[in-house]
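All chains are identified by letter, namely A, B, C and D, in their written order; residue positions are counted from 1 within each chain.
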Amino acid sequence: MAMMTGGEYLASLDDGRRVFADGQEIKDLSAHPQFATALDLIAAGYDEHHRPGEDACGPYFAIPRSRDELKRLLEELLHWDMVTVTTSQGLLALLTAAARIRPSSEEYARRIEAYFEYCKDNDLRCVQAITDAKGDRMRSPGAQDDPDVYTRIVERRPDGIVVRGAKLHISSAAVSHELVVMPTKKMKPGEEDWAVACAIPVNSPGVRIVNTNYAPRERTPDFPHSSRHNMPEGFVILDDVFVPNERVFLAGETEHSATFAHSLGLWERLGGTAHLVEIGDTLVGLAQLIAEANGTERVSHIREKIAEMIIYATLVRAGLEAAIANAEPSPEGWYFPSELFTNAAKHFGAAEFSAMVRHLHDIGGGSIVTAPSIADLEHEEIGPAIRKYMRTKEGVDGEYRTRLFHAIRDYTADAFGGWQLVTMLQSGGGLYAQRLVARKHYPMDKAKALGLKVAGIPEN
Amino acid sequence: MAMMTGGEYLASLDDGRRVFADGQEIKDLSAHPQFATALDLIAAGYDEHHRPGEDACGPYFAIPRSRDELKRLLEELLHWDMVTVTTSQGLLALLTAAARIRPSSEEYARRIEAYFEYCKDNDLRCVQAITDAKGDRMRSPGAQDDPDVYTRIVERRPDGIVVRGAKLHISSAAVSHELVVMPTKKMKPGEEDWAVACAIPVNSPGVRIVNTNYAPRERTPDFPHSSRHNMPEGFVILDDVFVPNERVFLAGETEHSATFAHSLGLWERLGGTAHLVEIGDTLVGLAQLIAEANGTERVSHIREKIAEMIIYATLVRAGLEAAIANAEPSPEGWYFPSELFTNAAKHFGAAEFSAMVRHLHDIGGGSIVTAPSIADLEHEEIGPAIRKYMRTKEGVDGEYRTRLFHAIRDYTADAFGGWQLVTMLQSGGGLYAQRLVARKHYPMDKAKALGLKVAGIPEN
Amino acid sequence: MAMMTGGEYLASLDDGRRVFADGQEIKDLSAHPQFATALDLIAAGYDEHHRPGEDACGPYFAIPRSRDELKRLLEELLHWDMVTVTTSQGLLALLTAAARIRPSSEEYARRIEAYFEYCKDNDLRCVQAITDAKGDRMRSPGAQDDPDVYTRIVERRPDGIVVRGAKLHISSAAVSHELVVMPTKKMKPGEEDWAVACAIPVNSPGVRIVNTNYAPRERTPDFPHSSRHNMPEGFVILDDVFVPNERVFLAGETEHSATFAHSLGLWERLGGTAHLVEIGDTLVGLAQLIAEANGTERVSHIREKIAEMIIYATLVRAGLEAAIANAEPSPEGWYFPSELFTNAAKHFGAAEFSAMVRHLHDIGGGSIVTAPSIADLEHEEIGPAIRKYMRTKEGVDGEYRTRLFHAIRDYTADAFGGWQLVTMLQSGGGLYAQRLVARKHYPMDKAKALGLKVAGIPEN
Amino acid sequence: MAMMTGGEYLASLDDGRRVFADGQEIKDLSAHPQFATALDLIAAGYDEHHRPGEDACGPYFAIPRSRDELKRLLEELLHWDMVTVTTSQGLLALLTAAARIRPSSEEYARRIEAYFEYCKDNDLRCVQAITDAKGDRMRSPGAQDDPDVYTRIVERRPDGIVVRGAKLHISSAAVSHELVVMPTKKMKPGEEDWAVACAIPVNSPGVRIVNTNYAPRERTPDFPHSSRHNMPEGFVILDDVFVPNERVFLAGETEHSATFAHSLGLWERLGGTAHLVEIGDTLVGLAQLIAEANGTERVSHIREKIAEMIIYATLVRAGLEAAIANAEPSPEGWYFPSELFTNAAKHFGAAEFSAMVRHLHDIGGGSIVTAPSIADLEHEEIGPAIRKYMRTKEGVDGEYRTRLFHAIRDYTADAFGGWQLVTMLQSGGGLYAQRLVARKHYPMDKAKALGLKVAGIPEN
């Protein structure tokens, strides 16, 4: 019942969890290059937030009760490691679902609130586990060759349920404590076994996590960003995992299935938009820095491209601000962001992201992928020559400029960059999902009234 | 010292003004088809706002003193006729300039405030007159073949100045009372004669206004929007017009020249963005209405296009809201919108406008330009056949659908639509100008710091 | 059995045809402003092509028998009036269908060839009449409230058939001789009555044409293009029209229904692409001319936009050339263009068209919609002032520049421009149809083999 | 004077060349992971093309003498390794320059032809070395802090010249025999020392090459493409390298400097366009394969995106075909492709490339970056579970689908993908350069004539 330190967090992972990568089981996460950076980041986050005392709790356990609190939460979130972000998002998504399914499912709502307190009291880290394997996309869960491709209840006991399935794209799963399991989409009558939401400790019997990671295996200065910021991506297998009743939040009520998915989508897209704002500004900054280093910052077509990047970053920010400014309270007094503005902003930010990366590549030039290694810069014979030729003018030495090129490559044109390109597009469910939700929450009646006014046709 | 009624407004235009159109001088504006609709709209606006009493004044003379007041102003503005909008925008632009040039030019600031009170007391309508003829764009005002292509002071007298030049694209000039003249751009030392801002009554000796109008000459139901909403565009010639000192707001101080242009740009783009929000929603409404009338509203590619239009309209709205939410007060306590968000939103709205119109045309189909006239619908022999074939299903009769097509054509694919296409792009100075101002007000230092962080390079 | 002169053509229209516009029946087409320009253009075309002798025939009746002949045809087509273009396209579409339905329908193919000879021998002008009224887009022809919303056979007689329905968007119908009627889409078994193709003289009993026209009612120099180039758009009503067997090309064979529609689509899109090439070059020319007139042709962002317009026009041209270079012969030795390249080029040209117009508007400036009338230029008092202020520099006088603005407005931002905007998008069936056909004709197996090669997966 | 085998090629590299990577000098290229794949590919290419006999020579030494030969060359080129491609392109660029500078520089043209024969006779591999270090982009070569940032002649001797500088982004330099050195841009009078073109053997004293490589260090099936296709990128340092007269092709004639750069640009963009055609088809293939594997190939928005990718690939192909079909012969009878179509096609292909990658990522889904390793698939415990959950339906097993995801990640969202993203944009000089050249070669007079025709203004 107290906050953990970084050391305590690292010790807490020695809990019997089953983690795999590159064809092997990983017994000591901290010794493996796929996990080292992630553990460092999370442990540092624990240390930074740590305050003594039994009542202390992290700011990531705050429930916003006004638009200002929501705004502050979004600002703080940018400084947290990813698993701390998912802890906040996952629990707020659960609470949003609780508010939306209450009062018809008061008991589930109560369990969710209790689970929130449990995580807070124990300073745990959670990830949301939503995307199922899905099998053939044209068939519903019950019509698949293999019924397990959507996570389902395989047994109902008096004291709980047993679940089987797989959850994909679960960033940080291997280095967190709790899996917040939700149904991936709306279920229909007859699909009761697939309408399941619950919370599962990572070290539960039957849980196995297979990991990939976009990170460089060696931490070299040629990867200035990804060597310091990366998280494993988990493929989570749930092989007949028992979940006690107190941790079960949905078990068959198909009418609430979509509520969980939408609640998560809302917070994931809001968080994604907040990150896109920062990433947008970062792309602008890199573009301006490399233009100045190349001596092209006053060239007209370069300026125009940077201006377009500025407008992009500013509009995503405007969308985020509007999503917060138009937040509405639940009956509990919890503030949830505007679905319409959140989805519109996330869509725009994601859809135009690759065009902004293209601008950066156009501005930077070919050295983004051909600049010699920092190790070459330090070579006795060739180092001075590289410095000589990578230098451009007074104040821009060759090493500084080379490092900028590596930063741009690492951030946008190498393994991390590729991961980011796909993730910006897919997080929160892809462009299609965002168009769907935006359409659903748009005040179409008002728009149609405007259209009829232009046509001179009276509304009836 | 009281508000005018519509009738008083119409009478007030019989003041000796010189107005031309189609190669002829127009003696009675209200009898001419180019001006009839505009006069109806403005007179109706006077009547609607009219309140008795000496202290009464229109809401368009309000100076916002908080973000909420600014927001309310923008909402009201959408319901005003264009010359009422320009009255508000032009005077707020002047006041913005006053705040920015004070204290070095306290006297000018005082005159502006006095002029504002004068317009308010007399319930006048003003237009901002900014764009000069400009001659060869590659040469500065003083280097032109003809020095008059930028409006300039040709004589300085003890009691005032004499100005000569032309101001272009002055919507509603012929039906307003006052021309708020401003310099079109930054002037340099040596260009003192071109650094001139002042207020000129429309009926001053030497003022002549040549008009064009996108409006249909006959008010038929085939033009359901433009027959009810149009304004003449004025080409204003200033032929040695005398301006008394009290109406002179800049007369040679080149360092302040750009301040007027930027102040006007800010308000014009803000107002333009507010209109783009409404126009965006209107395009969505027309798209949804015609899709429903065609029976295609559930066709996937139609839904996707409407979703893109929704996201467009919502993002422009987000930009407007952020421009207001980030407004800052002047020392006088007047709230001016954020330059960064205003320009980013206006740029996005204007740049993507033609793509949204394309979506509407793609959704609507060829009948947008080939639907028979409403007059044909009323023809005894062919009317029933047209109704039969323009009908699609229960609830969508042929006349209703035909009217929708005419609305779309009138609004986006005929004379008014063409005017709107160009005007959305050019109002507030074109895309280039908006990129320029957005770049200028963007927090680039912060973005560069983010870029350096990615590169692992310490800031110095 | 000889070619007609312009005069003979005009006389030939006095044949009892029923034509309506603006709520009235038009008895004398040549006296009505909606038709005057069209008649002038077509008559001039007759005179220009006219050669004496019984064997003479117009080049628009040529069937290309090599890629070079096809290329030449496309070049000539750009110089023809619209109804001469549709004569060529409509008949080639019929011949394409003939080649595709032969041998199973040898008799229909023979009739088509005979009909082609008939039109050639009598130097007639034809329009293709394809788009049905369509009713509710979600229901098939047989499931509509009103069975006539798709043109259908209402009676089968020994000597012919009787058809009823309406055909929409039929440009030039009122000023041509022949309606080439085709089914609008694929019909399914049970929809035999709607699988009908035939040729109908415009003056047949039961045919009535309701017209609209984007043209200015008065031919003034403010409309330099549309006053010289416009065609009426016809809404064609077929009210129980008898068609003799020799003119019937399909009457119930649902399996061939789509063949006619696809054949027409191919030629219409090819012709549309050829026009887009010319229109693309015209937009570039107008952009460069107005930039030079404004003195901005060397401004960087203007140059960039013109370069983008150049690349657009050049790529559409490349697509057209590839469509011709990849043409394939039918068994008859007739060369038909590549479906894949034709549809890809038309899609690109249509989809990006509005963006090119936007560039032109961005480059030109607000005077596109606010330039005074040419009549004002000729006014004694204000004419000289307008010339003074519209002039920019040595070699660019005010009248020349004003005329350029009117040309841009007329061509892209007024009634004709709006018609062109919609027509470029919708001709040949809208963007969706072009994507569909491009996908169908793309060598997907080859692309999948390339994908498998990247994946290192052997094809099986 | 005979063709080399793969073995002879590998032996030929043991010639004293100085090659560096990752901070170390590489003595045995074939033993180093950065070079292994490249050497395999090139050696295989030698073996495949090898024919015995003194007169045998590779098809990459052909000079196209008709449009058909040019077309065939472009088709063959797609099957060659990169250094064979650059051998063809570099030598054709030299010959193009020879044709363009003749007759004023007959001696240089003669040396180029002789050098071409020398490379052919000895079956050598060449790379073009053009991009200089460039220093401050705002200053000309002579005005830089360091005169060496543009490669220059530091000494002129009776028997040759001595050059100093660096050439950047030289793919395959370390594994080729010859550097074809050209000036990076137009030089002005006074910049004679920087107007230098010549041929330098890679093992010349003073040449050092620092390499980077986007390739994975281990050849695993998680990198199915890049483990089999990669080339080192060379940063080439020329430290006072002596070049004998017979190998000097320009040494001070500034008026010809741009000719070399433009000639190379033409061939590089043509080759780049040919590759973009194949890459475009590959992206389509991957999109279709993964859609089929996911079971989404009939989902409307997926089909639309694939159709857009098809249109993209087809238009780039159309541009390539038009560039070849519009090729013109030099006085020597050598066929050079159309500058206009080559640049337009390359611009379009490069500008839209990232949007096509975005489509593929949107279609594929998050498993592109989160699919478990192939090694995990082979793990006894978790392998079966991964296969179970990655499977979607009959005919799509889990391993096949996992391999597709790795292919997409490797090809577009990892180190190779990032390299390709930047390279497609930057090869041949970036978007700006392609716009510039397209504008220069566009028939603007014809376009202006079309514009004047619309305006009704007679040409003079």
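To be clear about the criterion, a residue touches a chain if its C-beta (ideal position, glycine included) is under 8 Å from a C-beta of that chain, and two chains touch if they have at least 3 such contacts.
All values reported here derive from a predicted model rather than from experimental measurement.
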Could you name all chains that are in contact with chain C and with chain D at the same time? A, B
Quick one: point me to the chain whose Cα centre is farthest from that of chain B. D
Distance from the CA centroid of chain A to that of chain D, rounded to the nearest Å? 37
What is the distance in Å between the mean C-alpha positions of chain A and chain B? 42
Measuring from the mean C-alpha position of chain A to the mean C-alpha position of chain C, what distance in angstrom results? 51
Counting only residues that touch at least two other chains, what does the list for chain D look like? 301, 304
Using the touch definition up top, name the residues of chain A that touch chain C in the complex. 300-301, 304
Show me the residue ranges of chain C that touch chain B in the complex, using the header's touch definition. 20-25, 131, 133-139, 145-146, 148-149, 165-166, 168-169, 208, 210-212, 214, 233, 235, 237, 239, 294-296, 298-299, 301, 351, 353-355, 357-358, 361-362, 365-373, 375-376, 378-379, 381-382, 385-386, 388-394, 409, 412-415, 417-419, 421-423, 425-427, 430-432
Please output the residues of chain D touching chain C within their complex, sorted ascending. 221, 224-225, 228, 278, 281-282, 284-286, 288-289, 303-304, 306-308, 310-311, 313-315, 317-319, 321-323, 325-326, 340-341, 343-345, 347-348, 400, 403-404, 406-407, 410-411, 435-436, 438-439, 442, 444, 446-457
